[in-house]
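Next up, some structures in structure tokens.
You will see two complexes here that share chain A, one where it goes with chain B and one where it goes with chain C.
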Partner chain A sequence: MKLKRRKGRLPYIYLTPAIIVMIAIFAIPLVNLIWYSFAKVNLIGKFQKWVGFKNFSYIATPEFMATLGRTGIWVVFGLLGIFIVGTILALCLNKPLPGRTFMRTVVIIPWVIPHVFAGTMWSWVLNSSNGIINTILMNLHIIDKPIGFLGVDLALVTVIFIRIWKGVPFLVMSLLSALQTIPTEVEDAAKLDGALGIKYFTHITLPLLKPVMVMSGTILMAWSITIFDLVYVITGGGPLNATELLSITIYKKAFVNSDLGGAAAIALFTMALVSIIAFFLMKHNVKEENQ
Partner chain B sequence: MKRLLALAMAAIMMVSLTACGGGKEAPAADDKGGSAPADNAAASDNTDTKDTGASGKVELKLLRLGDLTKAEPIFAPIVEQFEKDNPDITVKFDAMAWTEATTKLKLLGAQGELPDVTFINIINGWDLASEGYLADLSDRVKNDPVLSKDIPQSVIDVATTADGKMYWVPAATGAFSLWYNKDLFKQAGLDPEKPPQTMEEMISYAKTITEKTGVPGLGFGVKAMEDYANVIESFYASYTGVDIWDDANKCFTFENDENNRKLFADALEQVRAIVNDYGIIQPSPEEYNPFGLRPLFRDGQIAMYLDGGWAVKEFLDELDKGEDSKFMTSLFPAGPAGSHPIMGCDGWSIPAECKNPDDAWKLVQCLMSSDNQTRHATMWGLMPILESEKEKEEFADPYWGPLVKQLETVSARPKDKQVAMIEQAIADGAQAVALQKMTPDDAIDFMIQTVASNYSE
Partner chain C sequence: MNAKKRKTMKKTGNYIVRYFFVIIWMIIALLPIYVAVMTSFTPFEKLGEAMILPKYFRWENYVELARQTPLWQYLAASIIYALGTSLFTVVIAILAAYALSRFKFKFKIPFLMIIVAIQVVPQIVIVTPLYGLSYSTGLYDTYILIIIAMVATAIANPILLLKGFFDSIPVTLEEAAVVDGCTRVGALVRVILPVSLPAVTTAFALSFFNGWDAYLYPMILTSSPGKVSMTVGLSRMVDIVTPWNWIMAGTVIAIIPPILIYLMAQKYLIGGLTAGSDK
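Up next is the complex of A and B:
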């Protein structure tokens, strides 16, 4: 009887360390975040008083709606670019071309460069007075005066382009792994059936890549929403808030306005948003797989 | 996650910095940061109250914000000499990165663990002071026969609150001035010995240089960052003659004063015109904060720009050429009320809960001695702050003259715990004017409303 009871407990004992780690990693910060979002808290996390839903009131303001819209544009166009460029590159690099290994290594480089350095580097490259792009275009007489890549009109487009540059390698690696799992028999059979080029891609490759694309897309979406340093280093969220994304608003609330409660409320909102989108994407994926 | 990491790092920091000689039991000197010098003097007479380490010596912690590899060569010899002169005191020196300071210093303050002598910058200083973590040093400075005379009154004013409290002894100061390129002046037929003195002259000179040389006469950055806010504050003070923030009433000085408001609108209109109307500045001003213009100035791509004594270290290679140097400084161009740029003012503080405030003060006095301050200034790249330093050989080069003279007519940044938020509102509003997305009046209302809605007592 005793032995049976002990055996019954054993799995839980084995699981305990993992559960403790999970609680430490996920539950404590989450509880902390929820607690802060309903309180007035100073920058060192010192609780001052409960404020109910006051911290969430910023979420209903036009400024926040504008930030949300901007973040939506950043995520959608960023992902679109990453998927178009990433898929083309992955398909090319899956072919037995000369120098393929070297090219695969080169493609990964943007991914391994830290965000802060990448941001600084692009600021130099795009600078209107000394940036290499403007210098080349001016020397080639393609333009008369420098392009303000980081000006009010182009700043968001520019940071989306940089996001694409930074995000493509991850998708290329994911898709390349998936492409290598497609059996050669499938390709041979498709060729016999006359499925070539675009037809082969849309009817064979794309459906087989879809699960990986959904998973990678979910991860890339979550990263895009939470990326802070890449954009902050380049534009600081400006000019005139043209590149102020959710993550920058959270930073400014916490570290410029010393309003940790307000920052926590936006962070909680962001987390809920990412979770809901991810949930539906994953659910859709599971449904399709079952079919 | 970032917060947790910050807290974890701060916890590690607390383990490594056993501030104020350890013990937490003794009561705070003053819950509002006042160290009550008379009481402290009495305490110092009673050796039993001293917090001593295992060696029987008083252990002091000294902290400089910045890079340890840069700070250690400056302070190690000073500490060594101090320990020799005070055999009953040992000093442990450390440095903390600027980027980590905001969270860590507050955490240390909340735990009563701030190092006995801590270098404080404005962004963190007013916040720590408002929480009661810093001792008021005003009486100590007043009663110090050397410092009371050696620190210029204009600097003391900037470092002192409306109610007469001084929470750190100014050790690192610098005010915005005008930097110009003598070669470009000559090429444009201007006399490099007669730089512009007023805003109008600066614009006129810039027009001439742009026309004659093709190089933008003036560098002007409007990126909404702290230093852009500082330039706008300098414009404001030079137009109105007063600081931009009323720390007694916790509001802008243009909020309840129509004349100041009108003058500020004029100043913002001038900024708008500089950026848009005269064709005298570099392309894309929104890409640059004022300090970001240094490479353009260094490479001769702009003829003039506004920067402070902080820029000296950036141009030393050229400045070291003495009379042959192509760079020179001049006073911040005067507005209707004169030349009143803001002054950055960081310095040495003593925590309110320090167990050995008198010994800590001895260390501050040592750090602020003329020779040590000069060592600090020359090796770190700071202004000569003390009267006794100004005639020294180290500061004999001609470019120092205007930078030092500028300190006599400075204005103050907001003396408020929410200085970062206030300056962000100023920078955002002024940027909108510069990029013609708001009128000066709308921007002024925006600044007032932004601060009002984000200010928390």
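Up next is the complex of A and C:
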């Protein structure tokens, strides 16, 4: 009897460290975030007075709508680019090819480069005064004055490009491991039926890849909505708010304008957005667990 | 004969198309790294040359960077954050994954759901209330706070990955050990872990990347110079208009550890990631 009770408690003992970390870093801060959003608090989180829904008023402003729009463009085009490039690369690397191991190693490298250093490197490569791309294009007389990759007009496009650069390897890895599980018989049968090329891809490969694509796409979407370091290091949200995404707005509200309540309201709004994604992920994973 | 020839030609065509796409991507993937390495050896006055092939070898850039900036301090802080994050993550994740893989208990499904959900909680959302909390708990400007915060951020994937791997190990293996007088923890350490090396290595590498990547937490939750990481230190150098050859020298130093770990763990990384996904 005693032994059985101990056994019942054992899994919780193993889980204790994980639970403590998650309560300390997720549960308690999120509870604080909720009351912050209805209060006036100073920068170190000291309560001053309740303000009702006043902190949420910024969410209705055209300025914030513009930020949401930009974040939407950033997420959609980032994902689109990652999926197009990632799928092509995974298909190219799936079957035996001389030098495949080496190429796979190189293809994945952007994934291990921290966001900040991806930011410093690309800022320099695309720099408008001495950057290598502009200098080469000018030397070849393709352009006669430097392209402002990080200027008002192109900054968002540029950071989306760098996001794609950083995000492609994750998808390539996911798709490659999924492609490996396609049984060779499926392919042989398709070949006998004469289903080859594009037809083979849309009828056989794509349906088999769909579950992995949905999962990887969902996670990549959640990460894209909230990426901070990459954009902040390259543009700081500028020039003229051209790259001010959701995460940068929260940062500026909290740590530049010292408006913690306002930042908490936007953070809560962001949590609501990613919760939808989290809910989808949970449903999918637990379904898998029950199988 | 003709059919065979046609088949070879088709194969060659297939190879050319595949090489074409992969090589274009490899060039884009490596371009910033190549330029960073080259720039880090270029004298300041020659920065505008933008040569395609290496031309200078001014290693003094690195020496000057180390003399004029707290480079060693930045590196030390980054190593503390990354190793701290990976060690804590691996130990905590092994214990949690073992519980989730080997026991049936009431809150198993809710717990799994929470693990899955925390993957999408953004750092910027957490850091806002964490800033105030760090003051009231006296943990502001400590290594341990940054490490614990990064562990929380990094832990979901290793738990799921290790659970998937443990699930594939037959229970009979531990049962034999327990019969031989091993405790449960003993069986975990002596029987399960040695065969789980690929998954453990993957978990370690993944959390090391996360710890080395840490930016927002050290930037906001610390203030003393000794706790400035490479990420925060270098991004500040960009802000105060430091010469680009120095920034690139710093960047090259900063990307070497994750690339080395990636190359060393690569064999396991791909196997480990696959093991996690086809459970």
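Just so we're on the same page, the second predicted complex is superposed on the first by the 250 of 291 C-alpha atoms of A that agree within 3 Å, B and C clash if a C-alpha of one lies under 4 Å from a C-alpha of the other, contacts with A are read in each partner's own complex, and residues count from 1 in each chain.
The rule is simple: a contact is a pair of C-beta atoms (placed from the backbone, for glycine too) under 8 Å apart; a residue touches a chain by one contact, two chains touch by 3 or more.
These figures come from a predicted structure and were not determined experimentally.
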**Request:** Please work out whether A:A190 is in contact with chain B alone, chain C alone, both, or neither, and reply first, second, both or neither.
**Result:** neither
**Request:** Go through the superposed model and pick first if A:K46 touches only chain B, second if only chain C, both, or neither.
**Result:** both
**Request:** State whether A:L179 touches chain B only (first), chain C only (second), both chains, or neither.
**Result:** neither
**Prompt:** Just chain B (first), just chain C (second), both, or neither: which does A:K252 touch?
**Reply:** first
**Message:** Applying the document's definition of touch, where does A:V214 land relative to chain B and chain C: first, second, both, or neither?
**Reply:** neither
**Prompt:** Of the partners chain B and chain C, which touch A:L150 in the superposed model: first, second, both, neither?
**Reply:** first
**Message:** With both complexes overlaid on chain A, does A:I73 touch chain B (first), chain C (second), both or neither?
**Reply:** neither
**Request:** Quick one: classify A:G238 as touching chain B (first), chain C (second), both or neither.
**Result:** first
**Asked** Which chain makes contact with more of the residues of chain A, chain B or else chain C?
**Response** C
**Touched partner set for A:N130, first chain B, second chain C, both or neither** = both
**Fill in**
Intersected contact list for chain A, partners chain B and chain C 28-29, 32, 43-46, 123, 127, 129-130, 254-255, 260
**Prompt:** For chain C, which residues are in contact with chain A within the complex?
**Reply:** 15, 17-19, 21-22, 25-26, 28-33, 35-36, 39, 47-50, 52, 91-93, 95-96, 98-100, 102-103, 105, 108-109, 111-114, 116-126, 128-133, 135-136, 148-149, 151-153, 155, 159, 184, 209, 212-213, 215-216, 220, 231, 234-235, 238, 244, 247-248, 250-251, 254-255, 258-259, 261-263, 266, 270, 273-274, 277-279
**Message:** Which stretch or stretches of chain A touch chain B in the complex?
**Reply:** 28-29, 32, 40, 42-46, 123, 127-130, 145-146, 148, 150-152, 236, 238-241, 252, 254-260
**Complete:** The chain B residues in contact with chain A across the complex are 1, 3-4, 7, 10, 102-103, 106-107, 110, 127, 222-225, 282-284, 286-287, 295-296, 299, 301, 417-418, 420-421, 424, 428, 431-432, 435, 437, 454, 456
**Item:** Residue numbers on chain A that touch chain C, as the complex places them
**Value:** 8, 10-12, 14-15, 17-18, 21-22, 24-26, 28-30, 32-33, 36, 41, 43-46, 85, 88-89, 92-93, 97-98, 103-110, 112-125, 127, 129-132, 135-136, 139, 165, 168-169, 173-174, 177-178, 180-181, 212, 219, 222-223, 225-226, 228-229, 232-233, 247, 250-251, 254-255, 260, 263-264, 267, 270-271, 274-275, 277-279, 281-282, 285-286, 288-289
